């Protein structure tokens, strides 16, 4: 199977993630969409790695996962603390600062 | 190397400013005397510069040159030609009177906090302005000049906005509002002008590779520096715009009436008699010196604008209700004359313009300061609030009249010499312009005499009945100025001697020669 | 000897300086000092005159070069003096009459607490006027020209607490300034044409340039002369100038300053000789003013204004004569001098009358004063006879010569001008007789004023009468001394190269015609004012009379056109400045502010909309990058 | 890691293992980074083991010491010629040690030191229950206003974690401009972003705003880094490597693939361009360029002011460093593609920032927009695409960062009952009440406005000059106009401070401890020195303006 298809899939996932960020209200979901985008990147890396026949891409994928994990830690911490103080995880509610 | 006289002339007031600012809040009077002393020392130094300058010598004398910002091709280069010398003398001469006249203008009000030290600030700022103005007259490096040109706005801005005229109609609040409006307007106008000039300055660097006035002029002269005529025009416009805002030239003038109206009289004098001169001075030195072709190209338009300034300024002055605004518009009219003289590009015109800068400085100072004394007595700037002052305070009225007569350039007083030179110089090249400008002398008479009649003559108004005449301090301010006006009106030779060679150089910069009389009769020597 | 010339000016100048800066401590002695210095100047003048007479007619001119005034590239103005016969004549007139009037003022201004300053101003005037006539170049002349303007401004407005006086002073200065435009433009023209404006070179080489230029210069000079000498169309200020103290009217607005225009034209003779068109205009102006002033003079009830009108008209004579060229110059000057005597005398007389009448100026409130103030009557009477040209008195010689010269111009012009001058002579006789009768004859018409105290007419003190008497002598004999044997003509010949004109009709006929019209004028006046009592309240009068009372509507015209128009212009310009010029700037500022306010709304605080902008931005970036490659 | 090395591992794996080449790390050249990271780790340990009372001192001491040491190391390296002659690639191609890297690391470290001082300030607020308090929440996890928080405050807890967090962030920032392959770039980005997200969330007052700022910053940051990562992926697909040098070669066409399977990807310009655009977006987000700027005002406003100052200065420096390296090292071959795009970005950034700032009413938001405008000016220098462009940007960054930190430090001083009084109306008449503070702030504003004799002017002039020389004259004109607009709102603040009468209920100006004083003093000093005699630093910048490849 032509590896290029994996790239298309990656692009699709990435776009889905991005659109999700734009349309979903719940902070958690928004954040998950970001994670989805990161994973799309991973897919792309791995695919390219396969196509180029070198390991860089796959190694980068590992790095990405670690980073994603770190992001989860930080992100969830923040989101949770916000949720506790506002009793809402909707990103639209958080608009004290504007203009 | 020899003693850096020029640097010293600028450094003394700068240091003096810092010292004055440092005087503790309680010792207010000490600060005043310190400032006065410093300004007098500066005057002495300026006098030395004037004496050391040899009219026959090089174009730029007493030069100093030190490397400063290599990467920008900037050098700390100083040097004076006759025009610079004259204007430095003017500046150094006026500041002591400004300080003396503003002696009580910045005394703190009871309401203000004890840590707030307006008096020290006021005089320190004045000295700072003096330092920057003097240095800008000395700078022969475009970048150095630009920096000072911009930097002097800041102290001026605080002087205008921070120390308003206490005589105002209406509540303190809207007075404060008007004042800061005036200050901001002053700053923004000049800042925008300056920023546009900045673009031109950078452009100049890209074209020329350095900022040394002398080198660039030289390179242009011997053709080693080619400048596309379109480039030259753009650069010229960039520079000229800034100077025209500062000068100010119609239609960029509207900041001046606000600034002069809201500021205290001494500060108003500082603006119009000293700081604005930097603009006209720069036209003469930088516009004509760096971009001769473009200057010639732009001359027709500029002449027209100058004429508009002359007539328009005078007419609007006639319609003013506020004494200080009236003087401001009168100044606009006079700046029209100066710019006209510069761009007529004849020896008479340019000598006249230079003398005009000096004379206008002195005459406006005389008129404005006396007006300030008058206003401070009555607490109002409105012409309508006065009447019959001449009867209760004859000396004040007399000095005011002399100031006015100088403003309408009566023969025998200094401004006449310069104004007539400008007119003749203009007429020689552009007869029509010369004639239009001549109408200015009638309009000048109109606004001056109307002002004098409404304020000084007629039956004595109740409010002015108890008005005291000039006090010794005030006399000490006015008398020397008037004496100077009379002296320069009858014997301007000391000035013309230093100015003439500079003018000759400028004329050669722009490669213009005076139009020759159609009947070349025997020259004046033969006539004698 | 030349070095004395500067002293001529220096003495009164010193006086002015001392008196004006001296302060109150000089109040007691000030007037004496002023008078003394004027006299000193007069004495120096006499000395120079004597010295001059000692020399041959052609090298009488003296020069004194003090220092270079405005030394600028290709432009040379000097403080240098030239004293030739013409200047000498003026010097003597100015200092002589000036001294007399100083003396007169001592008495006249006795009760004015600002007398010191008055004398300061008088001295200032004398100095400036001398500078005017002694200058050896036009720019220095301009200096003096404006100087006398200033002095006249200060003196007209001397009683500044009177708004009318202040206004009159301002008006005089402004109208003069309009004239000054002419003078400065003329100087500029000279500079561009000859490269200099010193009398010598300019006048010598006047012939070398085109007539057009010369005509332009001539007309500009004429404009200046009109301003100073109150000639149509710039005459409107002279009547109001009578607001000033009477000695001022006598010295400045009768004898000396107002005649400066004549001096200017005669001085520039060479230019005018080469520009006949300009000369024609000069004569026309002279003729018009001559009649204008005379008519105004007939209608005024204010004695000083009547005399002012007469002054205007007499100067009209001089200007006209000056316009006639070499045949007229001499007589213009001669009439100027004689007029200086008798008109000054008349004014002083009027002043004396007012002095005795609580400063009443309305002749309708006079009457029969001859028995109250005989000396005044006598001197005034002699002056009267002189001005109407009574044979043998000074006015007769000078005016008659002008009329002859006018006819001698030849052609229709000559006839017209001659007729005008004759008519003028008749009217002069009429209005002067009117003044005479209303003032000194008939029964007394004055009533107590609103404060209830009635004026007690009385003769003035010696200090006032003596000058009047001396001037009266002048009015009687000056003409004879000058006229008989063409003394004056020969005296001035070196300056104005007189050529004798030949009137189409014999001189005798002209003279007799002059006398005849004079008699007619007197007769008419007698019928109107001598036979029947003069109404205290002025009758409504004919249309012409009413117009004449209002200076032939000149002021109304000026007001309608210049004052009103000017006011509107300035008002609208102030508006433009505020809302247009300033508005544009403030508008731009407001525009940017508004834009900012709108853009600000995009920052709505919602993360997702921020994300949208980032997403969109990225899309644009990608598109742009690809596009760049595509093109 | 370098692609070649990995490849070797992969191929040699088939053979019997007899030798594994150990990766070679040049510790000396990486010393600055290593020191900071080590200090950060120590800081974490300190949190665990040092008793609460001692933590504050320990942390402050540790971080300042570490930063100073790191700076010394940078200076040492520079002195050792690693900035110029001995510049090279370290850590198996992951990190470049060259002029720009060292210059920027030095700048970042200096800025961080003064910023850390403001972190440590504990004099501004009155002591709470007898415990000195700094700008950070007693316990960030506690619900704002909840009992738990009250208890924490009572107990005198403080969030001393901020120091190690800051150190981690700084470490990331040090690597960011030095990163020599895209992977390192990404990692460094995350390493300095994640701590910043947290730092934003721990304000002691206005905690809701603080948390909101954190959320916004985090979500948008993560969003943008996702884009960046995808860009990296595409570039990797394009070049078959993430090392800058290799990519550059491929872009220049020096390396072409032999493998037919790669015909579709290798050297496919669409991949390249899209990847580049995404990468660019990620960096522009960090520098806060329009239209990726919208997080800036909110985050700057919400974050604890010391953190804001730190972010505004250090992040910009690091991000611009990375941007420069990307554009000058990786994509010089693409100059004609990226220049027009950057032109557009620069113009909208300059104008947008300046215009919107006019109507701001909160001093911190005002400074945020001003920082956006300044990003625009910097971009103008970046676009010059000449060595003088690089040096001008380096100089500008140095000048700007100190003004910014100083300005925000002043903001921390002006306080009322509710903490910092950031609303502009509160600043009315400040010049009357405490002239010195107002004067200092005026100096900073004038520097922002680019008035001559301040560092702001020197920087602006350098950048515009470079741009003009680089043929971007029009950009200079736009920049000048933007400066004019910007001048207006800086002046507005000055007017407010000096020319309007102080309000009765106006804020008080807290008297800071030596820490903040030092920060502000440093800011003023740098502002004036760089304004009056910039030559030495300009030389430094121009020497440091050569990237190693």
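Per-chain residue numbering starts at 1, and chain names A, B, C and D are given in the order in which the chains are listed.
Keep in mind that, in the parts below, a residue touches a chain if its C-beta (ideal position, glycine included) is under 8 Å from a C-beta of that chain, and two chains touch if they have at least 3 such contacts.
These numbers come from a predicted model, not from an experiment.
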| item | value |
| --- | --- |
| Chain labels contacting subunit A and also subunit C | D |
| Shortest path length from subunit A to subunit B (each step joins two touching chains) | 2 |
| Centre-most chain [mean C-alpha coordinates] | B |
| Most distant chain from subunit A by Cα centroid | C |
| B-D or A-D, whichever has more C-beta pairs in contact | A-D |
| Length of the line joining the C-alpha centres of subunit B and subunit D, rounded to whole Å | 46 |
| Distance from subunit D to subunit A - Cα centre to Cα centre, in angstrom | 24 |
| Length of the line joining the C-alpha centres of subunit C and subunit D, rounded to whole Å | 81 |
| Mean-CA-position distance for subunit C and subunit B (Å) | 37 |
| Subunit A: positions in contact with at least two other chains | 18, 21, 30, 91, 94-98 |
| Overlap residues in subunit C, where contacts from two or more other chains coincide | 589, 600, 603, 605, 607, 611 |
| Per-residue overlap in subunit D, given as positions that touch at least 2 other chains | 215-216, 219, 223, 227, 297-298, 488 |
| Contacting chain pairs - touch in the sense defined above | A-C, A-D, B-C, B-D, C-D |
| Contact set on subunit B toward subunit D in their complex | 67-72, 112-113, 115-117, 146-148, 150-151, 153-154, 157-158, 161-162, 176, 179-180, 183-184, 187-188, 191-192, 195-196, 198-199, 202-203, 205-206 |
| Touching residues (chain side subunit C, partner subunit A) in the complex | 600-601, 603-608, 611-612, 615 |
| Subunit A to subunit D touching residues, read off their complex | 4, 7, 10, 14, 17-18, 21, 27, 30-31, 34, 37-38, 40-41, 44-45, 47-49, 51-57, 59-60, 63-64, 67, 70-71, 74-75, 77-79, 81-82, 84-86, 91, 94-98 |
| In the complex with subunit C, residue positions of subunit D that touch it | 215-216, 219-220, 223-224, 227, 269-270, 273-274, 276-278, 280-281, 285, 291-292, 294-295, 297-298, 336-338, 340-341, 344-345, 352, 355-360, 485, 488 |
| Residues of subunit B that touch subunit C when the two form their complex | 188-189, 250-251, 253-254, 312, 315-316, 318-320, 347-348, 351-352, 388, 390-391, 398, 405, 410-412, 416-417, 420-421, 423-424, 427-428, 431, 434-435, 438-439, 441-442, 445-446, 449-450, 453, 456-460, 490-493, 496-497, 500, 503-504, 507, 514-524, 526-528 |
